[in-house]
Amino acid sequence: MRREWIPFWHSGLSPHSGDVDLLFIGLLIVSSLVLGLLFFLMATFCVRYRASNQIDRGHQTAKSWHWEVGWTAASFVGFLALFVWGAEIYFQIYRTPPDELSVFVVAKQWMWKVQHTGGQSEINALHIPVRRSIRLVMASQDVIHSFFIPALRLKHDVVPGRYQDLEIEVEKAGHYHLFCAEYCGTEHSGMTGEIVAMEAPDYAAWLATQTPETPLAQEGGALFRELGCSGCHGTGSKIHAPSLDGLYGRPVPLSDGSTVTADDKYIRDSILLPRSQVAAGYEPLMPSFEGKVSEDQLLRLILYIKSLGGRHP
Amino acid sequence: MRWHPPLPLLGAWLALLLLLTLTVTLAYVPLGHFNSSVALAIAATKATIIGAVFMELRRRGPRTFIFAGAGLFWLGILLWLGMMDFMTRT
Amino acid sequence: MNEDNYLNAGYTLRSWFFTTDHKRIAILYFASLIFFFFIGGAAATLIRIELATPQADLVSSDMYNRLFTMHGVIIVWFFLIPSIPNTLGNFIVPLMIGARDLAFPRLNLLSWYLFMLGGCVTLFAIAAGGIDTGWTFYTPFSTLYSNSYVAVAVTGVFIAGFSSILTGLNFIVTIHRLRAPGLTWYRLPLFLWSLYAPSVILVLATPVLAITLVLIVVERLLGVGFFDPRIGGDPLLFQHLFWFYSHPAVYIMILPGMGVINELISCFSRKAVFGYKFVAWASVAIAALGFLVWGHHMFVSGQSLLASLVFSFMSFVVAVPSAIKVFNWTATLHKGSIRFDAPMLYALAFIGLFTIGGLTGLFLACLAYDVHATDTYFVVAHFHYIMVGGMVTAYFGGLHYWWPKITGRLYSEYWARTAAVLIFFGFNLTFFPQFILGAEGMPRRYHVYPPEFQMWNVLSSGGAVILAAAYLLPLVYLAYSLFFGKRAPANPWDAPGLEWQTPSPPPEFNFETQPVVTRPPYQYTPDFRAEPQNA
Amino acid sequence: MPNRPAFAPQYVSTRHRDETAELGMWVFIATEVLLFGGLILAYCVFRHTYPEAFAAASRRTEIAIGTANTAILLTSSFLVACAVDAFTEETRKICVALLAGAIALGLLFVLLKGVEYAGEYREHLVPGIDFSFDDKFANGAKLFFLFYFVATAIHALHMLIGISLLAVIARLTWRRAPTTRHRAALHSVALYWHFVDAVWIFLFALIYLPGRAS
């Protein structure tokens, strides 16, 4: 690999990490130039104008504003360029990912629980195929955590109470560190894991060897009946509740006249806070499941509802 | 002992009570989104009257004005940048 | 030594603990700050020793978390924020403007009592079992999950906050109202501009911290609050409120340090500071713009992308006035007559370290790189270069510079220079490797870490031990000078500032007659007329 | 006017001292604005997120007490402003009477606030202790009442501090002839009292008025 000879340098392995590394080198060069100039001037002045040195100190040019305006403008222009450069890559990193292959990540004190849509689950490890864009849907069960993969130059906080989408892609097979970067309590430094990037065939083999549990959506379906959801939302129910078939991704008119899209967040909110967004034409009858379902179970329910058909963005 | 309340103070007090009546009345008139704007505009007017007359800002120089305004200006920064995040989240 | 000075104006405890003399209050602050500095420093040393190996060997993870929280809370609120303003500022401001005291001497004393009360409450929280939230108190960990003494510690910080507000208020009003006749704004020494600007921050930002801390306590007591995601509250709101204070607070720490550097650089190169007005207004610009950048602590937190964009842009803008200052200091050296007394060594070290800290700040302001670097050791190294390499170095420089004025004694120049050089090397050895650790991706606040990070950690820990020893050195020779040092003349540095025109130590009411100012500051004679005093 | 301890050594005249004190008070008021500012931001954020819940919750507040309290506070502010005007040797008694009136109104405000709190407790509107609200708006309403209780409690604390300060001044003015020092003190306390009044005006608009029209 390039640059491997520098002892502390490992180049990034995601599609945008090359840009981030380039940005880092750019920043490094700019800083070194500024610092070098400054140290050179300071050292020269300190030696040349030391008190014991009999040297001509006269002809001090009358103070002019040119110098100050000069270096103010130069710093500003330089900074502006760096700002634009950094912002451009930032937007690439955090662009909303296409729904290609989703993996669910639940963070809790002090572990990463990973759920693949096929039902495979793992703890503190994430197996993914290389060169394929993966959409992570992350949620936190308790406090703020931060999903950090140094090798991919990628990090995002996982804040409780909301879903966080993040796109990852690894270019080279291997094992990489996964850290929790936001301080989260006693075993914060133990909340680490690894990203295992595998070639597509290896990944398929791995998926197969994992005890093929029931797919998540199917578990969600079981949960749907267990929790009594099917009693109202099921076909032939006496209670007037909206049918969930083909709901996912479609616009839902609400009783207050507005319209929302039935995405992950809407479904999650509807389970936890059913009366905040009531579908038009229905009574606000549904009880809240706040505190009755965990983040893992919520993910399964959403996947189940998704599996009932609908429009996938 | 003869003393009468100075007219500006008396006037300010009556104006304040009048504005209070106005704001409560207007709160019951359906104006949609304007209800809150109206309420805040009247509140700001009342605060201005208090500042100018009761707190004697009308008799003070620019330095006191700057000091009195600094808190509000920085409150503006807090609300502007603070709300910016919440209003532009996707 | 003159006969009647503020030190021998009274010997009773009462004459110290109920004094309203700004100079005595400065001494009270100084004594308390040394105490807090060494508590915070001891915690830091323990942390670094623990991190010499990748495993946990010295302390448990709970203990480790308590140590770094204690280090942060104590050093930020009970050392860095009050350091220069409350000791050097308290002592020097009235002397520099030719006043007999601050505008509100009793508020000044009250401020010290609040500070001590806040400090005691916080120390109680630490003694009772500690706090494990980190100094940032991020919710919902601090409000709903931590089982430590958060509410008590937060109360301590809350009380200390009011001490800050009173100090800031006092400085603002004093600088506005009590200047000597003829001392116009543009004749003020730059130290005063650099105290005025952060005082504005103290007054306008601290109350937001105060209310945020109240909300934390409310949430802990009631079990529900604004930051509670279970009821639809928003943990990020806490971060906005917290950083609205805590980012400008960084400028509260560094601006007074910059002020000290102006005095030192001009004195020891015998020249007026280059571009007075630019430097003066740069302080104001930093303080004002410093309020517009707080969101750069939240680039990966999930705040809106637009907000990140604006905050990143403002962060680059605020770097401009800092750059102006650094260039102006360097230009001041040009054609000066430079002498390398201990205070000057600190000043030069400050410029170097602050510049490194500032430039690495650009890395973090840069959105895409911050995604990688935030919450890693890169950040830790960056802000220690500013806080310790910048602020603490400036504090030591200022302390040495004004030590003869404050105590009336001269310290050993030899030991002072030795300490300055040792601190410089110890500091760089401690913190430079942390940049590399951060770039490699080692997260901060980690008690155990993957073994490949060990080499740089060992270097850093070794540096920390040197640094700790180097910080103890001044304590020894400065204390020695108090009893055995030579008597200091009124003006050992041959400086034109008003504070040097009164005897050392100054009399109780500072000046025998009201000084009148007729010249701009920094009118140095090209060469030292006075011989080196301390050699 | 007798003027015993003229002024502290750092001032050049009583006028200098008084102006300095006034400036200090304004700086303190700026601080206080930002103290409430943090709460106001929280309010704005959650009102933006839960507009209907905030309207529904606001409708449950006691607008009669709120309006009465506003009028009371405006009047007491007026009395204090008058007291500053009446602070002379001849009208000393009137000044004390005006201050006493302002204090009485202040106490009445706090009393009504207490009545209001008790009412809200009975109606299960205290978050974290005894809260129940229409499920549809429960979360937003909880946040609204959190704001309500924290903001009004901090405001009430300011009221109590202001009342004590006014009482000290009234007592001093009652006992002996007014001095310039007392005048300056009264002036500062009056500024503080008007500020507390102004804060309430905004709290009133934010707490009691939303959602009344719908």
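As written, the chains take the letters A, B, C and D, and residue 1 is the first residue of each chain.
Throughout what follows, contacts are C-beta pairs under 8 Å (C-beta built on N, C-alpha and C of every residue); 3 or more make two chains touch, one makes a residue touch a chain.
In this text the structure is predicted, and so the values were computed from the model without any measurement.
By the count of C-beta pairs in contact, the leading chain pair is A-C.
Relative to the centroid of every protein C-alpha atom shown, the closest chain centre, again from C-alpha atoms, is found for C.
Chain centres here are Cα means. That of chain A falls 35 Å from that of chain C. Centre-to-centre separation of chain A and chain B, using mean CA positions: 43 Å.
Under the contact definition stated at the top, the residues of chain B that touch 2 or more other chains are 63, 70-71, 74, 78, 82, 86-87, 90.
Counting only residues that touch two or more partner chains, chain A has 273.
Multi-chain contact residues of chain D (touching two or more other chains) are listed as 23, 27, 30-34, 37-38, 41, 45, 49-50, 138-140. Looking at which chains touch one another, you get A-C, A-D, B-C, B-D, C-D. Listing the residues of chain C that touch chain A in their complex gives 61-62, 65, 132-134, 136, 138, 140-141, 144-146, 229-230, 232-236, 269-270, 274-275, 278, 299-302, 305, 308-309, 312-313, 316-317, 319-320, 323-324, 326-328, 330-331, 333-340, 348, 351-352, 355-356, 359-360, 362-363, 365-372, 374-376, 436, 439-441, 443-450, 456, 526-528.
Chain C makes touch with chain B in their complex at residues 176, 200, 204, 208, 234, 236, 240-241, 244, 291-292, 294-295, 303-307, 310-311.
Every residue of chain D that touches chain B in the complex is listed here, in rising order: 22-23, 26-27, 29-34, 37-38, 40-41, 44-45, 48-49, 63, 67, 70-71, 74-75, 77-78, 80-82, 85-86, 90-91, 93-94, 190-191, 194-195, 197-198, 201-202, 204-205, 208-210, 212-214.
Touching chain A in their complex are the following residues of chain D: 50, 52-53, 134-140. Those residues of chain C that touch chain D in the shared complex are 94, 99-105, 107, 165, 168-170, 172-173, 176-178, 203-208, 210-212, 214-215, 218, 221-226, 231-234, 237, 240-241, 244, 509.
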